[in-house]
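Below you'll find the structure, written out as structure tokens, and then a few comments.
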Amino acid sequence: MSPAATLRRPTFWLIVAVALVFALAPLSGNNVELREDLLLAAIYIILAANLNLMIGYAGYVNFGNIVFFGLGGYLCVWLVNSHGWPLLAAALSAGVAVSFLALLFGLGILRLRGAYFALATIGVNEGVKAFVANFTPWGGATGIYLSIEAYQPLGGAAQALWIIYFLLVAVMALSLLLSYGIKTSKFGLGLLAIGQNEDAAAVLGVPTPRYKALVYSASAFLPAIAGALFFFKSAFIQPDDAFDLVLSTEAIVVVMLGGQGTVVGPALGAFLYEELRSTLLTAQAFSNFQLVIAGVLLLVIVLFVPGGLMGWIHRRWPRTKRVLE
Amino acid sequence: MKRFCLIAAASLCFAASAFAEELTIGFTVSQTGALNLDSVAQLHGFEMWRDDVNAAGGINAGGKRYMVKFVSYDDQSQGGRVQQLYTRLIVQDKAQFLFSPYSSGLVATATVISEQYGKLMMSIGGAEGKTYQLGNKYLFQTYTPADHYLSGAIELLKSQNPGAKIALVYSDDPFSKAVAVAAREQAKQAGMQIVLDESYPPAQTDFSAIINKVVSSGADTLLGGGHYPDGATLARQLHDQKANLKWVTLLVAPDSPQFASLGDAATGVSVPSQWAPQVTYKPDFGPTPAEFAQRFQAKYGIAAGYHAAGGYAGGLLFQHAIEKAGSIDPAKVAAELNKMNVTTLWGATKFSTDPKSHGLQLAHQMVLTQWQMKDGKLVKEVVWPDIAETAPVKFPYR
Amino acid sequence: MFGILASIVDGVLVGSVYGLAAMGLTLIWGVMNVINLSHGAMIVAGMFGLFYLTSALAAPAYAALPPVLVAGFGIGVSLYWISVHRMIGRPPLMSLLATFAVNMVLIGLGTAVWGTVLFNVPVTLPGITWHGYTFTGTHIMAAVLTSVIAGLLYLFLYRTRPGKAIRAVAGNREAAELNGIPTTQVLALAFGLGVALACVSGALIATLFPFTVLSGTAYQLKSFVVTVLGGLGNPAGALFGGVALGLLEGLMTPFMPVSWTTVVEFVVFVIVLIAYPGGLFNFHRRS
């Protein structure tokens, strides 16, 4: 789609509006509480929007999607800690490096279909986690700690937290725009064809191996940068937190909940899920209950409403299909 | 007249507490998860201190009285939740002072938040020294640093078994690794051999492969462990697999009263302890060790271990600093803590003021306790150092 | 020398139990093309089953195994009707997600009820000591019982009517239906059997090691590795895969830090998935 045409579509402006709200809302009144809340929501949106490229478009379930997030975090924290790199350079390099690694891994596991592929991604995540836990230059199982001085180049801890937040909002906007841009392009069309029926797509001339590798790599880039920023903010990274299979599966639930294959769906699902989770975070008896609720939601969606929230909205009000993609 | 005075006194106290403000202390507890047992023991220590302080009318800061209020959440023994919860404690619950979570790994993540927001944190249960070398300003350590945990056992071995062949088997977490690194050095300097050096994932439940390696290595001493779940499991499987050892010292786990439930598997196992009920420190303020142990037992129905004592001491140290500073201003309280050089039921306390290791504990000493059979029951006896000894050491351990 | 042998023997003993755990997973896959991602939760259910039967009823541990097996079967059949029935014939992604959702619900509920405290079923049996190395009685017993159960499964699948019906449906569902086999009931039966195997393997594991509500994930991952090694859909392969994995672990541990064995396992897992998707022990080539 040409740039001019893109600017005319409502979805584009919706994404911009959401990003602006995320950026400006906590700023008014220096609302740190809101910022922390929205930061986590942004992380879920980033993970979900990029995962959607694989699940929703190409039809490949990446159970171990969190491996990109974790590797991005490790690379960035390691570059900043051991080599004194500035944050932006470290985060961008992490993104590029992880995309490249994804391309390499992808060449191997993308030949697998369906459930085999899903299992392989779990294997990759667990294997990388186990490897990093033994890898001494990266701190092994105890991980890497960043000294508080790492925040000095950004103007001290308090200011650094704001800067990181804005960067994450930007990454979130980029994730949604990427998702939208791909969907409305020829590449996206090819992916959707692969998702429908891979063999038919191949017969019809879609270069399936290349497209699959490209989307797998693309779906790694922004989560890696998000991981880089997130773990820099936490000043601490260790294998169990970086390659957390629970977060990985929450991303899948969010994509299905919001509506796989749509642009707005994953964002909506992510936002709702994060609100649910933070409400339950401190509820004494139910602190892990979000998993039960998420599980029930997922079951209901898979059994009865495979299109998720957006799918239901599109069916109920067909007009919205043109506005909310 | 007497009754009038009594009523007057009572109403003054009442008035004082009615006019007292609240001081909010925030922290997380591992109510669930692997660290649950030790963390909750620490919580009991906190609560007992809070109840004692509030019963006496609250903390007296320069004439103003503050009743202590706790706000706490369950961190589920996971680092991932700690940062979110501490941020909430500071930003939403407006905690004025903080206690750390339990265990070095969680303390490290919590400290990031407390330093980012400039809040004072008393670290209890965080022995790893690395956390204090990252340039903090407001973190204070009550525990003896991890480096010293196994020095007692090694000292003891020097006299009982100078040519000891040591197997270091420890959990892959920041605390246990720090202990192991230091122990390696200390053993080498004492002229002992390290014949096996293996770490295991903290969630490990199958130690048979490692124990086979211990047997293969010809070791006669095992030092290591981690926290309660893996320590208890390792002790049990060592017993089942008859690893032919003369001495076993495990970290943390054997200190808990629950360890005795392992029966035969617990006999003779020793543990480096930050504190034991039998110590005879003479406190500058607060209860004596014996008073504390007795009241704790009466209140909670279980014996006090070092985690509980540490919790109580942490609160006591905060209280003392605030009262000396005469205010609850963080900078003033920090200044008092930096100057502090006192003895409490916990032992000696002095914090490092070197910016490269601020808050590191310099004065506190550890003891080594061993589970021994006494009149048919398992009890913990202090076997090192000599001045604190309550029973002679049993070597070989069984 | 003896150390390596001891390590291998121990690895094989424990590995066989992993093989049993994987047999349930692979049976379900082979019959109805569904990868049961609530497998881990079922293993944990078996563990808790054993715990409560031994503590509440003071039954000796091994006597509690048959009730666990039967209860597991019942749970499996119910789970089939709740979540899997509608998924048959749909894209595999949907069944993956459905069983996955069930897993989340069960583990979430389990955590709410039991927290993440460590549970232990104390079982002591005299072991065998050989050249300084002890093979605990529990390990030996677990391997023996695994063989017994595997043998019973074989007899069931090859010598009984329902068993043959299961194999027929696994081979070709339409042909089986045309022959008058009530396929839906057979599918429910197979699912129940698979879950029963998972539960009883969980109970056996509980006699060896302590467990928490979250232990299931680790054993589920091990089951994946074993299943892939043995070939999805091949119960005999799963047993051999478990033994092979145990053998591999036993061979590795004397020579490298124990924490590296997990890395090797997953590398092997991914390689076998890519290069030998039919598994290493596929004696009956399935189409």
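First chain written, first letter: the chains are A, B and C, and each begins at residue 1.
The rule is simple: a residue touches a chain if its C-beta (ideal position, glycine included) is under 8 Å from a C-beta of that chain, and two chains touch if they have at least 3 such contacts.
Keep in mind the model is a prediction, meaning the values are calculated, not measured.
Participant: Which chain's mean C-alpha position is the greatest distance from chain A's?
Facilitator: Following the centroid criterion, the farthest chain would be B.
Participant: Tally the contacting C-beta pairs at the B-C interface and at the A-C interface, and name the larger one.
Facilitator: Contact tally favours A-C.
Participant: If you average the CA atoms of chain B and of chain C, how far apart do the two points sit, in angstrom?
Facilitator: Between these chains, centre-to-centre, one finds 41 Å.
Participant: At what distance in angstrom does the C-alpha mean of chain C lie from that of chain A?
Facilitator: The answer is 33 Å.
Participant: Using the touch definition from the top, which residues of chain B touch two or more other chains?
Facilitator: If we look for residues of chain B contacting two or more partner chains, we find 32, 76, 172, 199, 201.
Participant: Please list all residues of chain C that touch 2 or more other chains.
Facilitator: In chain C, 111, 257, 259, 262 touch at least two other chains.
Participant: Taking each residue of chain A in turn, which ones touch at least two of the other chains?
Facilitator: Chain A, residues with two or more chain partners: 133, 141, 288.
Participant: Which positions of chain A touch chain B when the two form their complex?
Facilitator: Per the stated touch rule, the residues are 32-33, 36, 40, 133, 140-143, 145-149, 151, 157-158, 161, 234-236, 238, 240-241, 244, 281-282, 284, 287-288.
Participant: Which stretch or stretches of chain B touch chain A in the complex?
Facilitator: The touching residues are 32, 73-74, 76, 78-81, 83-85, 87-88, 91-92, 105, 108-109, 112, 115-117, 130-131, 134-136, 172-174, 177, 199, 201-202.
Participant: So in the complex, which bits of chain C are touching chain A?
Facilitator: Its residues touching chain A are 35, 83, 86-87, 91-94, 96-98, 100-109, 111-112, 217, 221, 224-225, 228, 257, 259-260, 262-263, 266-267, 269-270, 273-274, 277.
Participant: Mind pulling up the chain B residues that touch chain C in the complex?
Facilitator: 31-34, 36, 76-77, 172, 198-201, 203, 205-206, 208-210, 212-213, 215-216, 229, 232-233, 236, 240-242, 244
Participant: In the complex formed with chain B, which residues of chain C make contact?
Facilitator: 2-3, 6-7, 10-11, 14, 111, 115-118, 120, 124, 127, 129, 132-134, 136, 138-139, 208-211, 215, 218, 249-250, 253-254, 257-259, 262
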